[in-house]
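Following: one structure in structure tokens, then a few remarks.
Order of writing sets the labels: A, B, C, D and E. Residues in every chain begin at 1.
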């Protein structure tokens, strides 16, 4: 059978490589064909890819949602063509997907903010810095929504800055920002995997000691698991990227065989130093 | 030189190369996956094609006049954000917001044009700077949040711009008609009108054109305005069709659009341009992107194919050109 | 024309404009935030500057010869991925992997050069195609995964390329010396050697150069190879410094590098180039990016400022140029 | 006979280079004036001022006795002054017909359609090419880039001919031209006078100038040094002497076979 | 006297255009040959074949009786053939000195340093400029773009002079030149012969050709139609007639004042 795995992510964003690995693993384990594509957040090209899959009479489609509402139409088209379409990574309840597998970015964002508040790391009047690779990309926006709902009532301010997807540029921009605002920044939330994974290099360059500024954020990369283990990052969010892809494809396969999935699968866990080793092992393939 | 048969004359046309390329390309994809020519896939390809195509049409005239515009991608992203921000915040009606988006884009084009013609900075730097400014403004006014476009579905403007209907098994978007309309209009302007003559002269030999009383600067400024306005128009169409106005959309379109125009046979340095060629160039690149997904090229190898095909096609193009030159 | 004082001659130099821009820029940032000139910030700025700077140096020669290279950004990302993949998978030692990365980059440059000179496709399209192919290959061989580079820290190659040490309060990276070395070397080549004369003639009037026995094609091919090799070298340096070899790194560098070269005073169309100008151009752009963050511009407005400053500086540049021309 | 054009005390400086110094120059109606002078004498600059290509630094221009201000090519054309530049300024990518009418294209149909009248353009172009002596049957749709140097010059001349300007300025029109083509240009100049036009004719080949002009004006170092030489009463050698500003012996010496 | 250069049955086609048809052409040692012909006669093509700029379609070339193959400019230079092209091929952005030595720059210091010998270049350039008759004190570091047309031509000529080639080819070197500059070029040609070189001299101004050459060759439509005209025994009019291929009456008519 042939399945299409369509992602709005960037092929170079580390976390997506783990999602992709899950899809490839599934293809190998089941012997089915999985055609994969990345659309760098481009809604139009994403829609085009889903429609191409429908046109190619795919046995099943698993797709992320580049923007809430953007796949309402194409999901209907897939339903009409009787092709199972499973949503993963970014939910969109408005579209008629057969099921959803993944986390919830708004909840993650709320979780990070709440963690900082509960542990007494930030208080009223404090300023939190939130670097993100691409401002305006869905994940960051939804996370910001969750964070806002916690911080605003408490009078905690924050700023989102652009870090880009280029590793060297990420470090440079974060170093510049931290150099300029070192005294002001009371905590950092890394809204993406690349920025959170760069914290160690930024701290080392600016001369900030691990733990001096509390950090929470995404944790789906080896860089971050190491940072948690070494005390640079206080807590990081695990999204089960490989499992998400694997399960989503399994659901699609199941639906293709005539068993409609009647449930969503929610993934994700916030880990600290004590449990970080587990994820470090997963990511380094141990 | 004059007694050549129709076929010979046809082969000598600059549009012949791109046409052969397009046919070869379609044949290859079709032979690998017959679904490639299914009505559904054709409808699909057409819908997105026209949005980049609209920009490419305007860019053809601008490049014929010897300049190019790197800021079209960010105007494409900015215009719908502006329009929906104005509308969603209840400041104006959708129609007025639409007109404001077009007008602001025209002003951006005006600024590009004035920098290039008055201050005499190369269009590369001017439009690169403008790209950053416009993209930044889009992010800033939207705070990075995409604008909701739900409410557009039933609005008459949405119907006129992107309404769809079925012709037999084909789902046709209104935007296709806009593309055809503009292709005819700009093709007419470039080849049949006085303005077209001025555009070609401006790109071919600005000094000579100026000496004959052609207002070279005004011609360039107007074309910069056209290109920005068209990018804005395309952006609005795209935002309604995809139900999303994201400040980041359109990133990287500038290079793709310029590639379309050049593959179609318009000279990179100005003086010679062809709308028919651009239409072919638009299809060559879009069909390629669609076909590659359809025949199941692995996601990560996607770029390799796009790049290799651009190189391969340009080589073929260049071989065809040379053969034709040797024959006259 | 000959009795001008030293100052007048200095003002007439093409590097005068960029120099004034850089001084003005530094003065403004410093007056707003004195930390701008703190040792920490200066060390930081220098570290990344040199990586882009190395590419800009090679690009200066290439642009002087009348061509440019859009694929440098993807070679920058590709080379370290290749090197670390070879090393991490245990196929070769780090030294050999490093040499292979440089050699493959040289081959990429060779391919660019041959497409441009033999098949006579414009360098815009050739290197755009190559950009996509190389980026695609980087993604494909790495499967999209960034390569680990931790283990490099203690290797002698890492020390030679990016080892750092303190000079007083300044943290200096070895890469700065590479940059200074290449700037001197390429500056010498461009202005003092026979090869430099050929490069300028190739860009200025290829027909005339060819008629005098200058091997125009070979000159261009070699410069394409230089530019790709230098991009690969810079990519390796960057990967060791940032401890990451990410297949996507370097995206968009091509435009920034070209902007650096042009701001420095090298002609976009070839024939005239200046290494000193490029060094100034490199600092102008990097200092700008650093300064803007440092003086506390809102995060989302970052691009607005970068774009506006590019436009503003080019305007100033153009005014300075014009004043100088009127004076001779 | 009244003066068609009169320039009074016209000066022009390019930065520090004083290309024209207080030049007085006039062309009468129905007169062909030869403008001679060595390289850099200021000939091209003088006619550029007249044709609006560069602004003068000071001085006045009168057309038929009325003072005019010529700030741009369009002003000059409006005053009936048509110029054929030294580097015959054609757009190589455009067809012969399109070049002929560039800037003043005939339009047909409703005005807003802005539609070129290709038929009219082609017909006129075909006729003009014949009149300037191009006997080969070159279609008017041929791009100028495909023409030989002489043919290009002919196209530029055809343009001036068609628009029937009062004053036609030819800056070195016979450079690069062979014997037959040169005769075509000279014939054109004679025809122009016959049909009531005036001409300024610049050429380094004094023999050509002598064949057609009514009066010779010589410039040297940005000044007019002689402005009423009658070619019927002077010899080529006399004029050469005035152009170079050398005495008889000096010239003899310079022209001698083995001087160094 | 032996032939320095002999071309036998040389043909050249550009696509369908037959620019040279079975041309036999030779230059003896120490001889100045004038090559005449109307636009498109094939003069430039002939010398481009000789100088390696374009390959011939067929035919042989002999240098001092030895058959050679000239496939590139470098081959021609190695055979002692130096060409000054019609559109004097200089790089405007480079200085006079750099243009003079382009392609054969003197190098000083260790070889791998590839270092230009600026001092030597400047000294030679200064001397050469004087010898070709540029009296103004122009520094050799001036970019060629800042020179007048005549001065540029002089630089190109100085280049041929310096490299002392056996055969110097000048394609319309006197175009655009004034009286004084033209005399400079003619003087240079005479000097070249005096010091033992041969020259091919192409010009549309037959008067200039008559002043210097030993022998005139005329081309028409890609063929050599006359190849041993002695300028001392023929008149300008005779040669014009051969160039255009017209009979006496036809020529009379074409040159007549009011012919149309």
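As a working rule, contacts are C-beta pairs under 8 Å (C-beta built on N, C-alpha and C of every residue); 3 or more make two chains touch, one makes a residue touch a chain.
Because the structure is a prediction, the values reported are computed rather than measured.
Visitor: Using only Cα atoms to place each chain's centre, name the chain farthest from chain B.
Guide: The chain lying farthest from chain B is E.
Visitor: Can you tell me which chain lies farthest from chain C, using the average of the Cα atoms as each chain's centre?
Guide: Taking each chain's C-alpha mean as its centre, the farthest from chain C is D.
Visitor: Let me have the rounded angstrom distance from the C-alpha centre of chain B over to the C-alpha centre of chain E, please.
Guide: Roughly 50 Å separates the two chain centres.
Visitor: Approximately how many whole Å separate the CA-defined centres of chain A and chain D?
Guide: 73
Visitor: Between chain C and chain E, what distance separates the C-alpha centroids? Give it in angstrom.
Guide: So the centroids are 44 Å from each other.
Visitor: If you look at chain E, which of its residues touch at least two other chains?
Guide: In chain E, nothing touches at least two other chains.
Visitor: Going through chain A residue by residue, note those that touch at least 2 other chains and give them in order.
Guide: Each of 11, 20, 135, 160, 162 in chain A touches at least two other chains.
Visitor: Hey, what residues on chain B touch two or more of the other chains?
Guide: In chain B, 139, 144, 298, 300, 302 touch at least two other chains.
Visitor: Please give the residue numbers of chain E that touch chain D in the complex, ascending.
Guide: Going by the criterion above, the answer is residues 37-41, 86, 148-151, 172, 175-183, 187, 190-191, 194, 204-207, 240, 243-244, 254-255, 257-260.
Visitor: Under the definition above, what is the set of chain A residues touching chain C in their complex?
Guide: 10-14, 16-17, 20-21, 135, 159-162, 164-169, 171-173, 175-177, 179-181, 198, 201, 205-207, 221-223
Visitor: Chain D touches which residues of chain B in the complex?
Guide: Result: residues 2, 189, 192-198, 200-201, 203-205, 207-214, 267, 271-272 of chain B touch chain D.
Visitor: Can you list the chain A residues touching chain B in their complex?
Guide: Where chain A meets chain B, its residues are 2, 5, 7, 11, 20, 33, 35-38, 40-45, 47-49, 51-57, 66-67, 69-70, 72-73, 134-138, 140-141, 144, 160, 162.
Visitor: Under the stated contact criterion, what part of chain B meets chain C in this complex?
Guide: Its residues touching chain C are 70, 115, 119-122, 124-126, 128-137, 139-140, 143-144, 255, 258-259, 262-263, 268, 298, 300-308, 310-311, 314-315, 317-319.
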